[in-house]
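Look at the two complexes coming up: chain A is in both, with chain B in one and chain C in the other.
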Partner chain A sequence: MGLLSDPQCRRALARLVVRLNTPLCALSYAAGLAWFLALAAPPLAPRTQMSENAMGSTMVEENFQLGARALAYARQFGARKAAAGAMPVTWLEQTLWALGLEPHRQPFARTLPFPDEARERYMVRGTNVYGILRAPRAAGTEALVLSAPCSEGPRNDQAVGLLLALAEFFRGQIYWAKDIIFLVNEHDLLGMEAWLEAYHDVNVTAVRSSGPLGRAGAIQAAVALELSSDVVTSLDVAVEGLNGQLPNLDLLNLFHAFCQKNGLLCTIQGKLPRGDGDSLPAYGQSLRTLLLMALAQASGRPRGDHGLFLRYRVEALTLRGVNSFRQHKYDMTAVGRTLEGMFRKLNNLLERLHQSYFFYLLPSLSRFVSIGLYMPAFGFLLLVLILKALDLWMKLNKGDAGERLEDGGEDPRPGLLALVPPVLICHGAGLALYFVPVLAQRAAAQHFPVSEAEGVVLTAVAIYVAGMALPHSTHRALAGAGERGWMALKLLALLDLALLLGCLALLNFSLGFLLAALMVPGAAAVQPTGPRVLQAAVLVLATPAGAVLLGVLAQRELEEAPAAAGEGWPLFLGAVGEGLLQHHLYGAVLCPVLALGAYPAWLLLWNVLFWK
Partner chain B sequence: VVEGLALLDLGVSPYSGAVFHETPLTIYLFHFLVEYAELVFVITDVLTAVALYLAIQDFNKVVFKKQKLLIELDKYAPDVAELIRTPMEMHYIPLKVALFYLLNPYTVMSCVAKSTCAINNTVIAFFILATIKGSAFLSAVFLALATYQSLYPLTLFAPALLYLLQRQFIPVKLKSKNFWLYTMQYASLYLCSLVVIICLSFFLLNSWDFIPSVYGFILSVPDLTPNIGLFWYFFAEMFEHFSLFFVCVFQINVFFYTIPLAIKLKEHPMFFMFVQIAIISIFKSYPTVGDVALYMAFLPVWSHLYRFLRNIFILSCVLIVCSFLFPVLWHLWIYAGSANSNFYYAITLTFNVGQILLISDYFYAFLRREYYLTHGLHLTRQDGTEAMLVLK
Partner chain C sequence: LWYLFSPSVDKAWKELTNILSGIFCASLNFIDSTNTVTPTASFKPLGLANGTDHRLLRYTVLPREVVCTENLTPWKKLLPCGSKAGLAVLLKAERLFHSSYHSQAVHIRPICRDASCLAVSWELRQTLTVVFDSFCSSQGKKDWSLFKMFSRTLTDACPLASESKVYVDISPKNKEKELLEVTPAPTSVHEAVVQGDKRTYAVYDLLSPSLFNTSRSLNVQLKWKRPQDSSELPTPVLHAQRYVSGYGLQTGQICTLIYNTHPYRAFPVMLLETVPWYLRLYVHTLTITTKGKENKPSYIHYEPAQDRRRPHLLEMLIQLPASSVTKITIQFERALLKWTEYTPDPNHGFYVGSSVLSALLPSVIAMKDVDVEQSPLFTSLFPSSDGSSYFVRLYTEPLLVNLPTPDFSMPYNVICLTCTVVAVCYGSFYNLLTRTFQGGGGLAKRLANIIRRFRGVPPL
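What follows is the complex of A and B.
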């Protein structure tokens, strides 16, 4: 307790915090950003290695030769799908039965909270079909899943074809110790969520599906496949799941190891690492990959069908076949052999994947940044808020002591009760932002010439902007707190923001970090005195909606498809709509966190700025 | 409790399963009240608040009388006018105490979760009320009930005894006959009530099963379900060989502070009671947030110490942040499967360290105020320069 109790030390520390506050804050913020940017460089990003003993080597003999069969199945599936207009359920069931698996079907239905303009659906009805390959020698208490989506048009036909060919091949082998489920899900994420909920017998979202399904044991790992061409030039892997949850790093290491064994080109975020090593362009490429992953994780959107498995503690990946303009092409046999190798290794698992990291960032496929190395960056950002809060506290206390000596016997904190109205109003605005858009969509569509989806999004934007006008109408209620009441309010706002960002960084690091990087400078600098217009501009830049807009634009920029000048607004509206939809459909938390957490905190700071 | 009731209805001893560890009186209480469980817990919380209100009201009167006596006896230094407490400032304290207890989020959470800790709190609150009112008999009975339910209120015997001795104007001297006489009386009241309650429990269930199930369970900590206490993680990772030794060490830690605190806080038994309750709720084997809520309810009584508290801002921030991080890390560990017990235990440790620092801060502030009262606010060394009070 020496640091906290020794009076000399305390006085020195207090003086340091009060006098050097602004330089320390600026230094800390710069250090946080610099640390994050340095994560892409080799010293902070060690090479990945396989931690699970059972999956140690890639020593299996892959015998998969059915590439041509895969393409044949793909053609048949495509033809049947075009003829039926939806998933050819009966044909799939018959094919799976002919291959020797146990076919099952699962019909499901869901009414979306508001029509989804991007995919043009409102009431969704579909069927998932899956076949279970029972383990020939073991009890089948565990299972592995290989899934392919049934998409509109000719997309992903080859994925289903490869799935069926692999099923045929796997059925002939005797070494399987776990059951393997071959799943074809309709309506991508909706179907996957319906299947997972029915399989695990839970009711997390409001999907209505049929009764108990044929089961195969606890799922240990899952691979989701997306292939839309007969030949591929590379395989792209997607790891980010719902709410930024990530699978165990070992699964990624497994994929990387097998791609290297079979000579397959593999990428992450669509980017290939430059082979230059330590040079600047290589660092730039790593940084771009890292930022793309951070943006993807922050959005909380699952980047593939695998994203929904993670919630049920099943490690999962999505593999996408990419057919670009490279010279060397790989056919279905090569992809099939890689998958066969991965599944044989997963077959060896004795327990769930837990040896490797669950929290990491990937600057490239062969390097990773663990939580111990990336948290200090966030710690520095949080330090800014803490320093500012300490500074305000000491100013408030010094002021109190001064006042007391003059008046004698006055209540030390007159404004505590007077701070309650602003806090209540800001959180009320947050609640309105969360509840009203979806509840009032009918009213919006009736009174304004917009469709329901547009109505929801525009209502959200309207409530957001209306909240910014609050200080002008509520300053009368705030008048009771006195001259220095804004300090107490700002203290509360800073603590609220720090608490929110801290909890967020633990659950979804990228979201916490990016929100912190954007909101901390504005939060620390705002005060009612000084140039109001400049501070208002800074604070508007720091708003959570601004974070969404910047994130969307940055993602397009990093994917090397920069958005044109006029595209920003529709992209932003699309992102807001998608976020709301995903919250109601799958339980994504970005929308509630921003509406109920970040927005009230920001509104409190906005109130501080316009303090009279 | 529900399992215990089910087993009782089947005619089997409720302690035969490994889940039920409440006392027989509790199970008989709930036998009649299980349908109105929510109402029962609300009423117990209200009773606790009312008991605390009445207790603190009386206590304030006692404090004020004592202060007046000490001023008249000229025991205070001349320049401590601003440290003297006035009735105006003390007027709203009982109400604040009751509100602190009722509106505390921890209390609300305890009530919603229907934790039997609420009943513990009520019994302890009534014990405090009886002690302050001066009734040795009722105080002994309630203390016996509290000890019967969870072993640790045994340590509250010392502060209650000191308070009653003070009230009877018996000085605490080891050679004094009056002191020993009164102590013996109080102790015998306490022990007799305890024996009566235990025998009553025996006759309720016709077996001594409840003693190993209730007290053996509290002392030997067999169940390592994670909670906000310090025990579970240690014993989860410890070898069987050493667990007996460490159980003894951990349990002694709860009872150990009573004697030193009794010697130091002889003149201030109520503060001693507060510190002792806090120590119980930090170091007991299965703490819950309801225990934390009970000692936090007393903080307004010491609100005059605010100017001497040194770390209150940091500590309250630490406690609030830890309370928010508890469910986050629990979710990450149990539901998402991405973290492990180390993450959760880190928060548990931080929370408990925060609580310990809070109590020691209040302790230091209290001692400092007492020192200033007798030696004056502006301390000077021998050569006339300004001195500062340091806790070594």
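What follows is the complex of A and C.
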């Protein structure tokens, strides 16, 4: 700071920033990307360790033997479900009652903002059934949740079976200090959202549910279970929740510890770590896992039923049984024992999980990158925008001072008022993009040969593309500002973008970083002079919609199921529709962030490019 | 804990809590003014008392403390024969705490010494309530015996006791008789009206010598003649549920649901809520709704909290219509505590004590006034004011509320960081903002100015 208050040093620094601006920007951008790629390497990703004392040193002994019973329950449940065509509510209640639990049901209804074509649902009615195992001699102040979805077809029958078998086993034990809720939720996330809202007696979304509920105190932790086969080869764990929220790392450590104790194979993002050495293939695998996690977190979509718990500050994760072609299989008993161990340790908790990290990235299940290590990568990217903005600011000021000397007092600087119309127009376009598609779905379906869901997505795309034509229709309002005009506008756009990305990275690092990595080069380079076509191409690639498309394609590539060339467009439309639905159903913020934040900022830059 | 005093209440209260804490090895010494309230209407003096001034009453609850073996031992020592003889031999801690529910209580009240009531005696009543989980221990069968539950049998009565009896509830359900049988045959059968319902009890009088004639010990057994379907449990006429709604660490809402399941009778209920001061209640948000309509309480008494001194106290008399659910909600804001005020496990959350519901419930069948002399136990356990109603006091579940909690592991880091930020950034920014920059000069000029100031000469 002493440097800045000394006028000479200040001048020298300013000269440095102006003269070496382009190399500095390029260097900073490269450093940011390189830092991120290096995160997957072992020196930057230390081993995970259990931080919570209550779960660390006290090992528990698992006695669960009811694997066969779990399968019998699963078959009964499947048969009843097939017979009823929906959730066998009465049967589940009776079974829970016979097991000595306190059964409850929660009917709910929800009308989607527009029909969901991927899952074929519009007006949804369902019932969640849950049983509460009351802890002996406890006052019902704390609870744990084990949930399994009741899906269509034979999917996840085994999860419900295992849930019932665990309930039967847990009921016979005396050591429980927290109530345990065994929840079977219908219509996956919709049911989960309805149950959570009813349990916490809030109404965040427009879910309607009826009747008072049985409750069991503050939920401390939750595990969602998805199993669709009688035997599993590995367990995959999903951590990313709504809006990229993550559970405390200790919960993941707990799962990892029990997998290792029971010799179960466990994966994250469906990827097995390839050895622990510093070899290149091992690094490649870590990087792929890391990127997959970043993409999943950036999408803001809950990657399992656990994702909605995180809003209520309940640490939760989803365990997914995978049955692949591996030789070695594990039966229900092994999976049940892992869950038993996890629940016993969670039962031992004295406080909520808070000791370990809440912000992390995972290159593998046994290694993590903490927030202190991944933030610099984003800082370097943001530095590009700030350097560029400084450069513009100084150029504007210097020119100002120079001209004042020449012209003797006349002030040709474009007033801030001249910048108001483009800013207003761009943000207006953002507002239109956010509100119009859902509001105008009926009109779209009447006037065009599309269904309502298609209408919403196509309206969004149409408004988006129409926004790109704005510079041609608005340049009359901006005329006369000349060279300084676009500089001032670009300065404003850069600051807008930097502010948006900075805030985003604090809330959801992956989203902030990926958006920055895509948008920063175009934003820094754009100007109305020079090769316009090339710049336009770079900018179009970096538009928020382009980011969505690239994200979808990259995810398919990393999952080793690359999308064919023709698949891109339907995938993109699907992702847009999904994003809109996620926002309206669960309150995911990706859609408003892109429509109200990133898109207007990008439109400003687009205006700069076509400045006349 | 609740107690009615003669004057000089606060000093006596403090002494009492400390003495009781010593006697029962319980943490009752944590009772202080921050969790003690003076209810106006929920509690009334028992036994002989002439003063009914509510200002002399103190009530407190410590939701954090749980009953444990160390509280049972001193409790047992108060019994006339300890745990050496009589019914108390059954009280084996290992079995008593291997149960679903455990509660122990001590009641002291002044009573008349004799019929003429010229002198006052003190009555000490000790009660122990245990619920055994037969589901857990016997694979769903509901047969039980004393030995199975307590791993002990009765051998004799306490020599000091004037009465020593075992009552077994054998009331027929749904008018079907002979569903269960008890062995050995009871010495007598007692019929009583308990909480508005007619009950039949098999009585074993340990003082009657015939009991121990055939065998040395008494092991009461109950067997069901055919398996019971237990799907229908009778719901109590009055029950309640309490929970915290909302999420996040700023605000929240305490909800109390009170159920009246009586088919056609409405009755009033007195609700007492004590909420610690660190939840700041917004009294204007208090809403009471029954069947979708607002329900106005006929009596309301509210004492606001004082920070670190006194909890909130809210007492209301609410009329519950027949077969209805009444929802009482009040919003609160979570206070920021000073960092030394947090408990050692702040992330566990902070407890809010249970609220108390007192009500006179209408009974299903007409009760005749029970003769006090004939069965003192029943009249004191299940008091009834007159023939048509009986008194019930319910405690709801305590609540666990999370307060905004700092990360205690890094105060040092925080102090260092904050000081650095303030010193470096604030200082230089202030400097940059308030200075006028002029060309030339720099360090040399500044130094010269300092020297000139010392000399008393105007600066350059």
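FYI, the second predicted complex is superposed on the first by the 603 of 612 C-alpha atoms of A that agree within 3 Å, B and C clash if a C-alpha of one lies under 4 Å from a C-alpha of the other, contacts with A are read in each partner's own complex, and residues count from 1 in each chain.
Just so we're on the same page, a residue touches a chain if its C-beta (ideal position, glycine included) is under 8 Å from a C-beta of that chain, and two chains touch if they have at least 3 such contacts.
Being a predicted model, the structure only gives us computed values, none of them experimental.
Visitor: Fit or clash for chain B plus chain C once both are placed on chain A?
Guide: On the superposed model, which is not a single observed complex, chain B and chain C clash.
Visitor: In the superposed arrangement, does A:Gly153 touch chain B (first), chain C (second), both or neither?
Guide: In the superposition, A:Gly153 contacts neither chain B nor chain C.
Visitor: Check the residue A:Arg313 against both partner chains and state whether it touches chain B (first), chain C (second), both, or neither.
Guide: Both partners, chain B and chain C.
Visitor: Quick check for you: in the superposed arrangement, does A:Pro562 touch first (chain B), second (chain C), both or neither?
Guide: neither
Visitor: Of the partners chain B and chain C, which touch A:Gly172 in the superposed model: first, second, both, neither?
Guide: Once the two structures are laid over each other on A, A:Gly172 reaches chain C alone.
Visitor: Looking at A:Leu350, would you say it contacts chain B, chain C, both, or neither? Reply first, second, both or neither.
Guide: In the superposition, A:Leu350 contacts chain C only.
Visitor: On chain A, which partner touches more residues: chain B or chain C?
Guide: Greater contact footprint in residues on chain A: C.
Visitor: Does chain B (first) or chain C (second) touch A:Phe359, or do both, or does neither?
Guide: The answer is first: A:Phe359 touches chain B but not chain C.
Visitor: Does chain B (first) or chain C (second) touch A:Leu507, or do both, or does neither?
Guide: Only chain B is touched by A:Leu507; chain C is not.
Visitor: May I ask you to decide whether A:Leu495 touches chain B, chain C, both, or neither, giving the answer as first, second, both or neither?
Guide: A:Leu495 contacts chain B only, not chain C.
Visitor: Jot down the residues of chain A that show up as touching in both complexes, chain B in one and chain C in the other.
Guide: 1, 4-7, 311, 313, 352
Visitor: Chain C touches which residues of chain A in the complex?
Guide: Those in contact with chain C are residues 1-2, 4-8, 94, 97, 100, 134, 136-137, 139-142, 171-174, 200-202, 212, 215, 217-218, 311-313, 350-352, 354.
Visitor: Which positions of chain C touch chain A when the two form their complex?
Guide: Residues in contact with chain A: 63, 66, 97-102, 133, 135-136, 140, 231, 241, 243-248, 253, 255, 257, 325, 345-349, 351, 354, 397-402, 405, 424-425, 427-429, 431-432, 435, 437-439, 442-443.
Visitor: With touch defined as at the start, can you tell me which chain B residues reach chain A in the complex?
Guide: Touching chain A: residues 82, 306, 310-311, 313-314, 317, 320-321, 324-325, 328-329, 331-332, 336-339, 357, 360, 364, 388, 390-391 of chain B.
Visitor: Considering the complex alone, what residue numbers of chain A touch chain B?
Guide: On the chain A side, the touching residues are 1, 4-7, 10, 245-246, 310-311, 313, 352, 358-359, 389-390, 393, 408-409, 412, 495, 499, 502-503, 506-507.
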